[in-house]
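Below are structures written as structure tokens.
Both of the next two complexes hold chain A, though its partner changes from chain B to chain C.
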Partner chain A sequence: MKLYRNLSISQKQVVWAWTFLALPVLFYVVIRFYPTLNAIVLSFQDWNLLGARTWVGLENYDRLIHDPVFWKVFKNTFIYLILGTPLSLLASFTIAYHLDKIRFLHGTLRALYFLPFLTSTVAMAWVWRWFYQPVPIGLFNNFIASMGFQQIAFLNSTTNALPAILLPAIWAGLGFQIIIFMAGLRAIPISYYEAARIDGVSSWTILREITVPLLKPTIVFLVVFSSISFLRIFDQVFNMTTNNPGGPLDSTKPLVLMIYQTAFTSYDMGYAAAQTVVLFSILLVVSLLQLRIMRDR
Partner chain B sequence: MATVSIRNLVKAYGKTEVLHGISLDVADGEFVVFVGPSGCGKSTTLRMIAGLEEVTGGDIMIGDRVVNNLEPKDRDIAMVFQNYAIYPHLTVRKNIGFGLRTSKLSKPEREERINEVAAMLSMTEYLDRKPGQLSGGQRQRVAIGRAMVRDPAVFLFDEPLSNLDAQLRSQMRLEIKKLHQRVGTTIIFVTHDQVEAMTMADRIVIMKDGSIQQVGTPAEVFHQPANAFVAQFIGAPSMNMLPARYSGGAIKVAGSSIAIELPLPDGSELTVGIRPDDLIVSATPGVFEGLVSVLEPLGSLTLAHIDIDGADIVAVADGRTPPAVGSKVHLAVETANLHVFTPDGEALR
Partner chain C sequence: MADSQIRASAAALMNAPTSAKPRRDPAAIIRWTLLAMGAIVMVMPIVYMLSASFKYPYEMYNLNIIPKEPTAENYAYVLSDGRFYRWFINSFIIATCTTVSAVFFDALVGYALCKFRFRGRYIIFIAILSTLMIPTEMLVIPWYLMSRSLGWLDTYWGIMFPGMMTAFGTFLMKQFFETVPDDFLEAARIDGLNEFQIWWSVALPLVTPALSALAIFVFLGNWTAFIWPLIVTNSQELYTLPVGLTTFSVEQTVDWELIMTGAALATIPTLIVFLVFQRYIIHGIAMAGLKG
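Take a look at the complex of A and B:
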């Protein structure tokens, strides 16, 4: 007790801060860091979840490089990322930009856009799955057929399935991105726009040279955030292709789904761990790259 | 350069009328300051002249054009905002040049114009910096430069100095005044600070509750206030206001009687106004006498709060030899310096 009394105010603050931080630190070490490190170790081992773990060196990685399914999945994952992130950001910015300008029904519209974010992904995936079914079940195909066009194979086609799954995934994240964009837009002082109005520059110039540059921190945050979520896409794919997860013919399978199947269908834990390490590295590299590119110089 | 005329200008937000038909003529090259307490409608008036607020009723003319329905960019005005409205992600050069975006000047001409303005504001060496690297006063100069670069017919200033500290404010006040003397453009300046109004204006427009109270030169509004509001708003410390009664060719005020001729019936209620600097603290009997309750030393002079018959009066005393707190003092005042107001505030003399 005497020891504590003799500490300076800032030393006492440090003691208290660490006292309160101890629990989360413990949690992170046991629940996050230990499994992460264990997964990295496991990626150099062979294990079927029950037997002994045996060292196999780089065999899992070697297998990965020569696995055509992995490369297919790798490509799929990047298509989700490369299409999903810009499309969702463009859509959410356009909506937020215009929503910010209206007063009438502003709150209602904002709530409607936010609603999908609050809904369970599984429920949403199944509703969209129903939309995509062929005649006479699916909503979209019924509509297309009633207009006299040939129906479209959404989830049964190797070319259409991925975009068909990506669309609801983008839509589901829109609400969150719109809210963040609106907060960013609100933070720009009105006088910036008034000054530009007096200077007589066009709304396009205002958007390009004032609004977007001032939204840069918001944009960086959303790009990183949405990239991570598209790289980790799983629920939508798993639930919309549940008869044959990731199908047809692996055309929609993302990396996380492959890891899931390798681990819990094939019980090939070492191989799954190697895939996880690859995903982890991709996430790390992509996030760091984006932060670096978009950072203020 | 241009004149600005306002005719019966009305502004209403829904059913709430905030500007009740004001009229004013600003001469070419004149420096006019709108002053008044918060919510008096001065900024709204300025924003209507700028075209940032719609006109509910009446007309605004810049030069000989009615501009009510013109876009801000077509009014040939420039505006300096309270928060400067300079863009943090652009350099000073680009900020100043922003106003030239729509001009027909060639690129070298624009560069020349930007350099010219920067030199006029002593900002040349800061042209490639960003606003975050500038002090408050320098940012204010960038905002002014941005307005100047377009060479508008009228400058509008919306409380541009309120975000600066006291020392910088008086320095910028002087700079803006010098700038006006040099370029001679019509300026309409809005402030809530009567010192800014007095020191800079050719003419002051004093507003309250959406109406103009008085328009006049600094000397006019100080020495001949149109009503009790103007009398108290202009001048620091504020004018002393004392309830009084007129009878028998004299004003009875605070236990004293001052002989004066007024065109009023006997027994009329009045308010007498006396500026603190017109009250002379003396040892010999004067008009009033009272006890010193509080002293506020200001260096060269001391403000003495004096309790006369229960009323608190502020008088200016000498800074070196102020009266002691609790001591009895006599106050003299010249009859010519008395302001007299009717109970509803209108000035009688």
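Take a look at the complex of A and C:
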């Protein structure tokens, strides 16, 4: 205690700073950085959890390049991203833009749009799975059949299953994006709009020349946020295809599901670790690329 | 964006727009009708889930929202073996502990990185921020191996430990502590409070909106977390609600009214919380999202 009292004010700050940070620094090192390195190291090894860990160099990566399932999965993951991000952003912006302009029951409508965001993904995956069932169970097909059309195979079709799984993922994230867009819209000073209105500018021009450019920080945030969440899609796919995860014929399988199966069904730890390194690299490249593109424009 | 702007715009979200013209022109009516229809479509899955949970199997096949013969039998059946209570309690304990820990430590670290001057401050901040780039899915395998060798598999601690602190929360709290004037802290220092007391009784009360926003985020994230609890738990007694729901639904195979009842049981608590704290939650999410 005497020792502490003799310290200067700035030295005392250093002592306090490390008192505050000691446990958290330990946490980040042990629970974040060490496991990351561990995953990278493991990707150069072969291990089935029971036997010995053996070094195999780049064999896991070589296997990945020659694995047709991996390329299928790689493609699926990008389809989730390339369809999911623009569709959900376009929908949420359109809704937010118009919702921002109405008064009557404004709060209620906003709450209804937001509600799906709070539901559990797993619960909703099962609800949508029920909707997609064939006649006489599924809601969609019952409706289609009652209109006199031929029923659609949603989850049993290699072409329809992926969009059918993507739809609830977009639906669940929409509310969050709408709220963020609306907060962004409210941050734009009203005087800009008033000035434009005095100049007699059309509302389309106002949208293009004022609203969208000023919303750029919000758009960048949402593009990165939603891209990352679509690249990491897992819960919906796993729950909507439990009888044959990622099926039919791997047509819906995203990278995270492949990682899960390789690690915890086949216990092929090294191979799974190599897949996680690929996922990590993709996420890194996508985030950096998008930040770059948005900054240049 | 400056903090005052963010708060103002997040707060402005709570009021109906003032710029809208009060007169009812046809375009405004069409706009409102379309938006209202969209809102109804958005909640339809939730409505049908609730409706199905009160239906007898023979009624599952029609599109009625109100069942002709409502029944609570599905709930009685689903709750009868007690597993759902167990999963609910597990989820609640895990989400609560993680939230308390994450909010406490994120605020502590955010404050230290914002208000203390010491060597290595910038490096620690960048290091913590860079962990945002590491996806959970990359870490689950090493976490699993770690839990396996330390005997954490199938324990509450095993489910909770990865989320005890969050980089996002640390960043958020650091941003908010920037708005706390150093003069306040200096005054408290002169009054003889130590640094921990200053943080706890002077700085924290000034950022309560941010604390509650973070708490909502962390709680929701843990309440619905799926992949890690799925990996780390083996016995049904330790399952969280989402993992339990998956297991339960797979067991039922064709009894969709029972699956919908399970899904409803997992969803109803969050719906109630939302109805009670609606404005608060939306405000918090807008604020945290704009900061992030």
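For the reader, a short list of remarks on this structure follows.
In this section, the second predicted complex is superposed on the first by the 278 of 297 C-alpha atoms of A that agree within 3 Å, B and C clash if a C-alpha of one lies under 4 Å from a C-alpha of the other, contacts with A are read in each partner's own complex, and residues count from 1 in each chain.
Just so we're on the same page, a residue touches a chain if its C-beta (ideal position, glycine included) is under 8 Å from a C-beta of that chain, and two chains touch if they have at least 3 such contacts.
These numbers were taken from a predicted model, which means no experiment stands behind them.
Applying the stated contact rule after C-alpha superposition, one finds that A:Gly200 touches chain B and leaves chain C untouched. In the superposed model, A:Lys101 makes contact with chain C only, not with chain B.
Once the two structures are overlaid, the count of chain A residues touched is higher for C than for its counterpart among chain B and chain C.
Once the two complexes are overlaid on the shared chain, A:Thr119 sits against chain C while remaining clear of chain B. Once chain A of one complex is fitted onto chain A of the other, the partner contacts of A:Ser191 are limited to chain B, with no touch recorded for chain C. Contact with neither chain B nor chain C is seen for A:Phe149 once the two complexes are overlaid on the shared chain.
Look at A:Trp55: by the touch rule set out above, it reaches neither chain B nor chain C.
No residue of chain A is contacted both by chain B in one complex and by chain C in the other.
Chain B makes touch with chain A in their complex at residues 50-52, 71-74, 77-79, 81-83, 85, 87-90, 98-99, 101-102, 146, 150. Taken in their complex, chain C has these residues touching chain A: 1, 5-6, 8-10, 12-13, 16-17, 19-20, 22, 28, 31-32, 34-36, 38-40, 42-43, 45-46, 48-49, 52, 60-63, 105, 108-109, 111-112, 116-119, 121, 124, 127-128, 131, 133-146, 161-162, 164-165, 167, 170, 194-196, 199, 220, 223-224, 226-227, 231, 241-243, 245-246, 249-250, 254, 256, 259-260, 262-264, 266-267, 270-271, 273-274, 278-279, 281-282, 285-287, 289-290, 292.
Here chain A touches chain B in the complex through residues 189, 191-192, 194-201, 205, 209-210, 213-214, 216, going by the rule given at the top.
The residues of chain A lying in touch with chain C in their complex are 10, 12-14, 16-21, 23-25, 27-28, 31-36, 38-39, 42, 95, 98-116, 118-124, 126-128, 130-131, 133, 136-137, 139, 142-143, 146, 168, 171, 174-176, 179-180, 182-184, 186-187, 190, 193, 217-218, 221, 225, 228, 232, 234-235, 238-239, 242, 256, 259-260, 263-264, 269, 272-273, 276-277, 279-280, 283-284, 287.
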